[in-house]
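Structure first, then comments.
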C-alpha cells in the first residue's frame, strides 16, 4: 500500500502528486460552473469527488480529463498540464462512467482488444493482459459473450478493468456503482482497493455516501466550490456528524443553485 | 366535460405540443421551411437540363436568299448566338475542331422555292456530340427553329411543309423548371410528411415519453392524428411557397385549378403521413426509422415516380412496381393539373388510387400502433 | 381487512430466454407506501409496466384498483399516475408546458388541479418557464412527480424516482412521498438504495426476477439468521482479508467506516458460543494479525445485511 489512510498526502512531495488543481474555473456564459477549485491528489490515493447534481462535478472532471479547456486557473494531471498537454494527459488516464463504458454489441474479448488497440498496446501485451484480467474477474468462460448480455454488476467490473488495461496512472470513475447490487458494489470497491495498492490513483464520484467512507479522502462540491475536503474521519469530526451522509446533507442544503 | 369535447381538447393540446417541438428545434425548423425553396432555386437556376447561348454557324453560299431568312430566324431566337456565315461544310469542320461553335446548319443549293420537302434532305444540322445529352437538346432546338422557318416560307409560297417531328407539346419552350416543379412538390411532401412523422414518433419511443403517452387515456388514433396534423400543415405551407415561387420567380405557367392541386396535395400528404406512422410502428429507433423512411418513401418517390426516369422506358416488372408508389400517381396528377390544365374528369382515377392507398395504410398504421409496449 | 388495492399472484414474465419476473406475488393495501427494493435487473421496471397496463404478464393474476390491466386498460389508465424509470418528459418544453400537456391529456388543467399538486409544484414553480431539459436531476424528478399527479390519480407508481439523484434531493423527494402518504395516496415505489427502504410502510426485496422477502422494513433485519458484528479499525483494507481467514466467519462486507462480519455460532467442536465470546474470538484473531486497534461489537442487522444474505442463499440455491 502506498500510504496509510489517515495520513495527509498533500503538499509535501509534489513529484508524487497525481493531480494538482490550482484555482481551476470554468464559466459558461454568465454561469460559473466551477469556481476556482484547488486541490491535490496523491499518487495511489482513492479520492472521492462528491457533490449535489449541478454542483459542477461533471464540468470539473471534463477539465481534468482534458475534454474541456478551463476558463482560468491551471491543473496538472499525471504530470502534464491539462491546457497545453491534453493529449498526453488522456494517454495516461483511464475513464469509465455509468453512461459510457463498453460497447454492448461487441463481445468481452472484442471490447478488450478494441481498447488495447486504441491505447496502442501490442498484440502480445493485449493477449497477456486480457488473460490476466479475465482470470482475475473469473470471466474466462464469458469472453465470447456480448457485453450487452452481462448483468450490470459484471459489466461495471469489466469496464473498470478495461479502463486499467493500459496501466494508466490515474483512473476517473463517474458513478461506477449506480444501480449495482450491494454484493457486487462491494466487490467493485475491492477492485478499486486492488488498483490503488498497485499504485493507480482512483478519482471516483458516487451518490452512495457509505461508499465515500471507503475513500482515503473526499471533497464535497457545492455551487462550484469545494466546501469540504479531508479524510472521512476528519470531516465527520469537523461537522460533529455520525456519517458522511449527514456531512453531505448539511453542506448541500445550503446550496443556492439548482 | 363531455367525452367528445374532451377528446378534441386533448387532441388540440397534443397538436400544440407538437408545434412547440417543431418550432423549438430551431435548426430543423429552418431547414424544413427553407429546404423546398432552396431546392427550387437549385432546379430553377443551376440544374437545368435545357441549354442556352448555343453558338451556331450557317454554311451556305452567300447569294442564297433562303440562307438570309434562315439566318434571321436563328438571330431572332434567344437561345442561339449567331456566328458569321461560313462558305461550306469543310469550314464547319475547322470551326468544330477549334471549339468555336456548337452547331452548324448546312444549307444545300436546292433548298429554295418549290423543291422544299420533296427533294432529298438538303438541310443538314451538325452538332458537337461530345456531350450526347446536350447535343440532342441542341439539335432539337435547331430543328424547332428550322421548322418555324419552313412553316413561314411555305405560307409565303402557298405550300404546306410536312412536319416530320412531334411538336413539343405542353412545354413548348422546353424549360426544364416547368417539369421539375411538380416533381419537387411531390418530393417535399414525402420528405416533410413520411420522414418527419416517422422520426418524431420514434423519438418519443427512444426518449421514453411514449411510455407516458401510452399509460394515459390517449387512444392510438389521438396520438397519430395529433402527430400528423402539424406536419400536414407544414407540408402545405411548403407546397404553397414552392407554387408561389414557381409562378412568380420562374414564371412557370399554371394551367389548371389551384384547388384541385391543393386537394391532391393534401391527399398525397395524408398517404405519406400514414406511411410515416406505419414506419414508426415497425421500427424501434430513430436511425432505423430514418433509413426506412428514406428507402421506403423518398427513394421510390424520386426514382420510380416518373419524376426523373420516364416510366414508359422502364423494364416491365419495374413498371409494375411503380404502381404501388404513391408518388407516381401524384406526379401524374400534378403534371396534368399544372401544365395541361387537366380537371377532375381526367385525374379521378389517380385520386381514387391514392384514396385507396390512404385507407389501406391508415388501417395498417393504426393496427400496428400497439396500445402497449412492444 | 379492507380489499387490497393491488393484488398480484404468481406473476411471471420472460423476454426470450431471460426470465424477468418469476412467480411474483404480493398485495398492497389502501394508503400504503410500498417499496420494491433491488438492484438493476431485479425486474422492478417490468413489474411496474405490467401493473400500469404497458406489458402483459405471461402468467398469473393482476388486479389494480380492482381492474384487470389487460381487459380494463382504458378504465385503469384514467386512474393511475406513473413515473417511468428514466426521465421521460419533454426536455424542449418548459416546466409549465409539460405540466399543462399532461393535464390536458387527462382532460383537466393545471388551474383546476392546482391545490392538489401545490405542495410539490410550489417547489419548482419558480422554474415554471425553464425548459425541463435544463433542470437539475432533483428538480426533474419533482416535475415528473407533478406530471404523474396532475390528474389526481387513485394510485401512484414510481419507478426508481431517486436513481442518479444526489443525497439531498433524494431526501427531499422522500419527504414529498411521506406527505403524499399522509394524504392517503396508495403508492408503489422502487429503489436500488437499500437505505431508502426504511421510508416505506412495507417493502419487497427483489433480485433477478424474484422476491426475496416482504415485510415492514424495521422488522426485516431481525430475519438475519446468524450473529452479526461490527468491526472498526484504522486499516480498513487489510481487515477484510484478515477477517475472511478467521474460523467461524461466514461473510465479510464493508459498511461505510466499519466492516460487518457474520459468523457461525457453533464451533467445529460443537460448542455453542455467546455473542460476547464470538466478538472476543474475532478481536483476538485481528490483534494476533497485528491490528491492535480493532474494536468488535455485536450489532443488529439492517436491510442491506439481509439482502446480501438472501442473495447468497438464492444464488447457492440456484446452483444446487
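All chains are identified by letter, namely A, B and C, in their written order; residue positions are counted from 1 within each chain.
Here, a contact is a pair of C-beta atoms (placed from the backbone, for glycine too) under 8 Å apart; a residue touches a chain by one contact, two chains touch by 3 or more.
The structure displayed is predicted, hence computed values, not measured ones.
Which number of steps is the smallest that gets you from subunit A over to subunit B via touching chains?
The fewest steps needed to get from subunit A to subunit B is 2.
Report back the single chain whose CA centre is most distant from the CA centre of subunit C.
Between subunit C and every other chain, the largest centroid distance is to B.
Please state which pair of chains has more C-beta contact pairs than any other pair.
A-C
Between subunit B and subunit C, what is the gap in Å from one C-alpha centre to the other?
61
Subunit A to subunit C: how many Å between their CA centres?
Comparing mean C-alpha positions, subunit C is 27 Å from subunit A.
Can you pull out the residues of subunit C that are in contact with at least two other chains?
As it turns out, subunit C has no residue touching two or more other chains.
List the residues on subunit C that touch subunit B in their complex, please.
Those residues of subunit C that touch subunit B are 49, 52-56, 73-74, 77-78, 80, 82, 84, 86-93, 97, 100-102, 104-107, 147.
Please output the residues of subunit C touching subunit A within their complex, sorted ascending.
Of all residues in subunit C, those touching subunit A are 38-41, 127, 135-139, 163-171, 192-194, 207, 234-237, 240, 253-257, 304, 307-308, 311-312.
Under the definition above, what is the set of subunit A residues touching subunit C in their complex?
Contact set of subunit A toward subunit C: 1, 4-6, 51-55, 151-153, 175, 178-184, 186, 189-190, 193, 197, 207-210, 213-214, 232-233, 243-245, 248-249, 252-253, 255, 257-258.
Any idea which subunit B residues touch subunit C in the complex?
Those residues of subunit B that touch subunit C are 1, 6, 9-10, 12-14, 16-17, 20-21, 24-25, 207-209, 211-218, 371-373.
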